[in-house]
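As structure tokens, here come the structures.
Here come two complexes built around chain A, the first alongside chain B, the second alongside chain C.
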Partner chain A sequence: MPVESATRAVRTGLVAFAFLAYLIFIGVPGKIGGSALPVLALISALFIWLALRRESAALSGTAVDPGPGAYQKKPGWEIGPRDTSDASPFVDHLPFSVVTGFVLKGVLAGCTTGLLIAVLSGVSATAMGNGVSIQPVFDKIVPVNVAALIGVSPGQIAQAEVPLLRFVLQVLFFAGAGLLAALVAAAARSSQSQAEQLARLTTRLSGPTTVNVARYAGVALPFLLLAYIAWLGLPGVSVFGSNEGTIRLLITLIATGSGLFALRLSLPGRERTVVGVLLGLGVLAMPFILDQFQNSVMGLVFIFVMMGLGLNIVVGYAGLLDLGYVAFFAIGAYTYAFLSAPFSSPYVSSLLLLLGVAPESPLLGYWMALPVAMLTAAAGGILLGIPVLRMRGDYLAIVTLGFGEIIRLFMLNLGELTNGPRGILEISQPALFGLSPSSVTFGLLSSQGWIFLLALVSSALVAFVAIRLNDSRLGRAWFAMQEDEDVAEATGVHLVRTKLLAFAIGATFAGMAGQLYAARQINIFPENFSLFVSIDALALIIVGGIGSPAGIVLGALALKGLPEVLRGVDEYRIVTFAALLVIMMIVRPAGILPSARRRIQINDPNEMGPDSKIVSDGEAEVVQTAGVAKNAANGQEEAM
Partner chain B sequence: MTSSPATVQAAGTEGRTSLRQFTRVLGAVILLFVIWRVTTVGLSEGYPASFWISQALNGLVLGGVYALVALGYTLVYGILFMINFAHGEVMMIGGITGYFALQFAQARGWMEGPWAVVVVALLLIMFIGMAASVLIGVTLERLAYRPLRQAPRLVPLISAIGASLFLQYSVLLIFGVSPHSYRKPALISGGLRLGDVFIPYTGAIIFVTSILLMLALYFIIQRTKLGRAMRAVAEDRSTASLMGVDVNAVIVVTFMLGSALAGAAGVMLGFHNTVVKFNSGFLPGLKAFTAAVLGGIGNIPGAMFGALLLGLIEAIGPSALGIPTEYKDVIAFSLLVLILIFRPTGLFGEVLSEKKA
Partner chain C sequence: MTALLSVQRVTKVFGGLTAVDGVDLDIEERSITSLIGPNGAGKTTLFNCLTGLHRPEVGEILFSGSSLIGLRPDEITDRGVARTYQNIRLFGRMTALENVLVGQHLRLEASHWSAVLRTARQQSEERAARELARDLLDFVGLSGREGVVSTNLPYGDQRLLEVARALGSRPRLLLLDEPAAGMNPSETDRMMDLVHRLRDEKGITVFLIEHDMKVVMSISESVAVLDYGEKIAEGTPEEVRANARVVEAYLGPEVEVQEATESASH
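Moving on to the complex of A and B:
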């Protein structure tokens, strides 16, 4: 094996080790207990497999599909003698040496990872055994996590009783994982033989029926799942004993998400209308068949759908990155709280007494307060919008972030007005025709079911408004502004008005969401409105797909719903979101369900950022030389 | 709106003029309010002069630390035109690492030794913090920013926000929620008393060290070949690459320099505030960014001056305006907003035209 591929294998092993060490440090092995070692080995196998797959793709001359949203390089760059020898996609047989090479590389990478993991656990064990020195770190990682990793009790580690055998076994374990990955990669490569390729081609040619079957299955899936949820809700039916509630929640999330895909899959026209109406009815039935806990989670999910749709107007349509979006959410929530809580705050109560209203009774009901909350939030949006009118991009993000923090600091410190950290308690529940969820006649719906229903209806309304706005003259103005402010202004877009409308409309939606959130929580506190509400909203529109309402629902289901199902790993929620933000930006910046417009914008090389042209010109040289180097590497690989 | 070009243009310019007038009025109102507040409330409280002096010294110390972090923002912005949102976290990691190094030294008894040993140990602690920050900063550039160099502007920013949260909460998961407290060695825990003004040794050391580090940076950028390459890349990346400058290497070195300064700032801030925890980089990061904007982002002396000014305003502001000190963060943010409204190019106005902002 040439030195170069050996170093590459070692590098793969190092990368896998870095990731595993991170997992060990944040305490994942402790969570999964006895099965920690196999799980970690499997993760390292995944890394090795990915690396080998990439290499194999480079070998056969077919690049790994970067996915529909990834940035594509400008075509003109690939001048040199790239991929001329094996440009043919048909690789009909696999030379034995390649398989051997794969196995050697896989095992080498696995050994590297295993050796380092073994050293890490050994070192921490020794540090635990004799040391006070860096105790605090190892206090955290040794007793639970590493002990679980090497399968001994903390007491044993304390006496530094880690036998050599265990060390060797660990290395061998990871080497085995590398071997597994190599075999899988080699098998996948050999399966791309000519016969397979031909078979795939013929399937594609005779495709329509297969595709149609898949399509029908996709369209039918949400309905089957809905029926399953309803059946699970029947008395006397139980699945996996006590976990039934969580299972139902998970299926509810999947059903809603697959409903969105079913809508995409159905043919436009009558079929889509029918599917849409049926799905709508199915989703509207959900609040009646779910229980209190599931309803409360789904309610939160759809409150965040409203948030996401509002933020999408500001970020997705108008291109103004707003990180202080939580401010409007808070304004909506606090407005409703002032209007409907019996004793809201010293200042508001004395004001009410002055006006001759008894502060015990709510001033306005939910529906009367709705326009007030929306208007207040919109006013907040305009007030924030005016000073930032001249800012763009990065600056806007930081300033709005600052605004969000300022609002939170005020809520915390203006005790007279907002009751400070003690919050506002006993916010009244929304009622309809004099019926409130607490009254006996409302037995069909639980109180959380009622909130969920309201959230569903409001987010449908908001989605409708958002979609219509996007297709309107205003939507086009937003889009033009996002592309280039100066050009937009020159073509007659009134920048001030357009920007302020984006802020105001986005804020209005957030205000609605905030009001419903206050009603859901009953008691609200300033810490409900931290920066993370903004981050959650941003993450869900980015993961789902900026500019696409269906994507936003999907994002909310995945980012707000799934963590509730995976209760045990809740502490890893934010880390996972954060990593998702970075990974999505690199791998699929348009999101899971991208909007058509966004997809075009990101894939078109001419639609890059303002200074990208310079960059690409400057880096063309670099890329070319890199390409040549890669070719040289490929040549070596073949000679092997 | 009609399609006649004349009316369209009129509408556009009209919007701009009214906006300009509006900002002018707003500026005047804010200025009057500040003057009124300072004259009627701040000065009538009757604080002694020594109070103001020690507050100002405090502000300078804080400003020195902000300056080190602000330089990282400015360096990266000057070259990549992106805000390295995770820079505050790079600083925090320096602080956390410094804490463990300090624990290690204290367990070995080095902190009670002769003063030479203590000084060497303290320097070592700072270097370890800087090394950790450099490692994180370079990794960040490689994993989160480099793949996105050709992407639209919002994309790297979102990636940076993700990276920032990822670092914060990883530290939370690894080291726990509780703050880690720096124990100052006896040698530097005292202070100097000049009349009514008390100057803690740590404050003086932090100020001097940050000035020295800034001078070192200035020397690197102005006098070395590397610095010339950095300036060339900041000026025009494509031309620099044609002149034989390895752009990627220069970017990595920029991140290294910025992160090293941030790591030193993290350790010093640890000694200054006596605690570090997972989110202790967030606010200083934002404030350092404010400082960079205040001086004109992309402008190195501007960042230093802006940071010292911001430190001063933050230390004196609440007392001068007669508002509770809980609002000192509000003052910093408001300052950021006001600069961006009235003078987006910063006090020293450079590099950043309105087009780029």
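Moving on to the complex of A and C:
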């Protein structure tokens, strides 16, 4: 290995160590407990992987040419490889020398980090074992912290009983992390199709026959996890100081997310249908398996999936940035609250008197109230849409932002109508065939499980409608409008109608979500509908991948589900989360599961076409011009 | 025979600048007419007035007998006027096929509910639309390029795709804004051939802005010349070529040229 790349690897190791040292100083290992070492090793692997990726981009032979086949038949919503017939992703094998180079670099970087960590913890442990207090210097390096790092109890450190083997183990761990990162980077380098990520590694090591095995393993993974939750229960593991319930929740989140990835990994046609049905059944089983807490989190996640899908119509399909989306959510929630809670405002009762309806409670059941809530929200959407028809970009964002706040302030200040800050209490629960979770135990289903189930079914319905609309002439008109409003109009798109439809449909979905949210919360207050709901909804579609329904589900799992799992590390929750988001945006700027169109936008458009200049050979030639290097970098982005 | 398009005293003012100044113009059905003039003469502004992007202050535009003034761009397209753009304005992230499908938007009637339910009628309409889109791509010479994202098409093909998109709305009058700009000779020949076929095979009236005099002289049946927003000449290519005002507009007054050569020789 040339000296230069060795230095680079060592430098990567140093950077990773610097970050880990920071984590150690702020006391993260102590928080995580027994599994601190693997977690830190994985973090360092991430660093090494990023560095290797960047380095590999400088080499030619990335050969990431999705070709015209990668984006051919469908508009952007469809997940998964578009055309498998022309995909021969495993043609170019990396030469052995390149793979070896990667592995050496990765291991070297890992060893650097590992050695430094070992030295740090070794010195600390020795000092503590000898009774030297280093707390004045680094008051956060308390014995428990170092002990967690070495994997012994704090008592053993105090008695200087740390076997040398522990330190060797540390180095090995980090070297392993480097190896892992190198393998992943090397495998991804030779990718041609995004779909075969998982299979690639094994192909690299053995041959094309293992592709299917790996793919099926990937496809089966979520179901194995589901089965694990369902039948075995969980051993009393503790990560991040959390309890078994949270771990179960984490696994549920991972299972659902990996199920979506599996769906993308599967081949279109029968295999995808099978995966889809199994995933559907697996997810539908969740409300019956999970407990009240997990169900309530998952219910919230899927309520936000509905929100995301609705907002995606406005932002992702029609390209209208709406920052006041919470308004429609609030309208849906309050409409249902008016119709089903004992609270009755004088306005509503006098209106009822006029209509000759006896004011009873609840006025309407969940299902009768559903169309009312949807229509009210749609009306709100049109109400907002009309004044902003001529606005674009920033102006639109600001006006919609104001609209969201206006609705919240209405709820807060119209005391007689909405009960102001005291909110509306005792909203009735959705019943089905006269059965409600509050009256009967509903078999296996807890009350939150029932909400979760409803959220699942509703979001499936919403996704179905959204996907089909996007695949019709309306979807094309939306997208054309997003691309060039003037030309779309001159081509024959009725702008007013098309924009208002986007606002109204988006608002309808938010209204449905709001109604379910009111039922979930039982009591709602104006403060439930702050600006942050809008921001969450927007963030989840950006993280998941604008325009891609599967991505939106993943985004909701990550943004609404993960924070609940991270409750155990309360003070680091937001930091961790922010870091995750930043990494996300670097690694996958178009979202976790982007729609094909977004990928075109984010990456250099020339990457995608048949005329793009991409060096195709697998040999590790050094690229001459910066321009081609950039191409290769972009191609790499595509591959990851 | 009455003209398909009749432009009467159309005037468009931007602030203090009169971009189009009292232009009269008649275009016969199934003819190929060119609009020429120096840069900034108001050619594209006239096109924008015709397609509803601008609303002229004065004047009347009659298309097969009814006025286009005050109609929205999509309504004008619905009447049968389609156009392309000087600086190509395709829907960049859509495929070639999708661009043409958007062009057909007005001609599709299935309701949005039927799109959600995928009714048989909606499905057959979509199939027919795709079929037509493919035919149109074949017609302009882009067969086999359906699935290519339009920004990735070569420049000349992008211009052809704009024509195909315009054809999607089944126009009677097609406005081409500098269709051959930036093309190499063989691409220009393809475009000229296409313009002829538009008229001969599809019966479409073509009205085009063009700078390439070779193109103008060889394909147009009549030529109108704009200079500083005014129409200064109209007639067959030969007549226009011989017109002194046209030469002056393009080359400047003859006197100045002589003076310039004289002063240079001194």
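Keep in mind that, in the parts below, the second predicted complex is superposed on the first by the 345 of 640 C-alpha atoms of A that agree within 3 Å, B and C clash if a C-alpha of one lies under 4 Å from a C-alpha of the other, contacts with A are read in each partner's own complex, and residues count from 1 in each chain.
In the analysis below, a contact is a pair of C-beta atoms (placed from the backbone, for glycine too) under 8 Å apart; a residue touches a chain by one contact, two chains touch by 3 or more.
Computed from a predicted model, the values in this text were never measured in an experiment.
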Partner chain(s) touched by A:Gly27 [first = chain B, second = chain C, both, neither]: first
Which of chain B and chain C A:Leu474 touches, first, second, both or neither: second
In the superposition, chain B vs chain C on chain A residues touched: B
First, second, both or neither for A:Leu501, with chain B first and chain C second: second
Partner chain(s) touched by A:Glu483 [first = chain B, second = chain C, both, neither]: second
Touched partner set for A:Gly492, first chain B, second chain C, both or neither: both
Chain B versus chain C as contact partner of A:Ile386, first or second or both or neither: first
Which superposed partner A:Phe403 touches (first chain B, second chain C, both, neither): first
First, second, both or neither for A:Val465, with chain B first and chain C second: second
Residues of chain A that lie at the interface with chain B and also at the interface with chain C: 71, 489-492, 494-495, 601, 608-612
Chain B residues touching chain A - in the complex, by the definition given at the top: 1, 3, 8, 11-12, 15, 18-19, 22, 26, 81-83, 100, 103-104, 107-108, 143-144, 147-159, 161-166, 169-170, 173-176, 180, 236-238, 240-242, 247-248, 286, 289, 293, 324, 326-327, 329-330, 333-334, 336-337, 340-341, 344, 354-357
Footprint of chain B on chain A - complex, ascending: 22, 25-27, 71, 132-137, 140-141, 315, 319, 321, 323, 386-395, 397-399, 401-403, 405-406, 409-410, 413, 489-492, 494-497, 535, 538, 542, 571-572, 574-575, 577-582, 585-586, 589, 601-602, 607-612, 614-619, 621-622
Residues of chain C touching chain A in the complex: 51-53, 72-74, 76-78, 82-83, 85, 89, 91-95, 98, 101-106, 108, 110, 112, 115-118, 122, 126, 129, 146-149, 151-154, 165-166, 168-169
Residues on chain A engaged by chain C in the complex (per definition of touch): 68-69, 71-73, 75, 464-465, 468-469, 471-474, 476-477, 479-480, 483-484, 486-495, 501, 597, 600-601, 605-606, 608-612
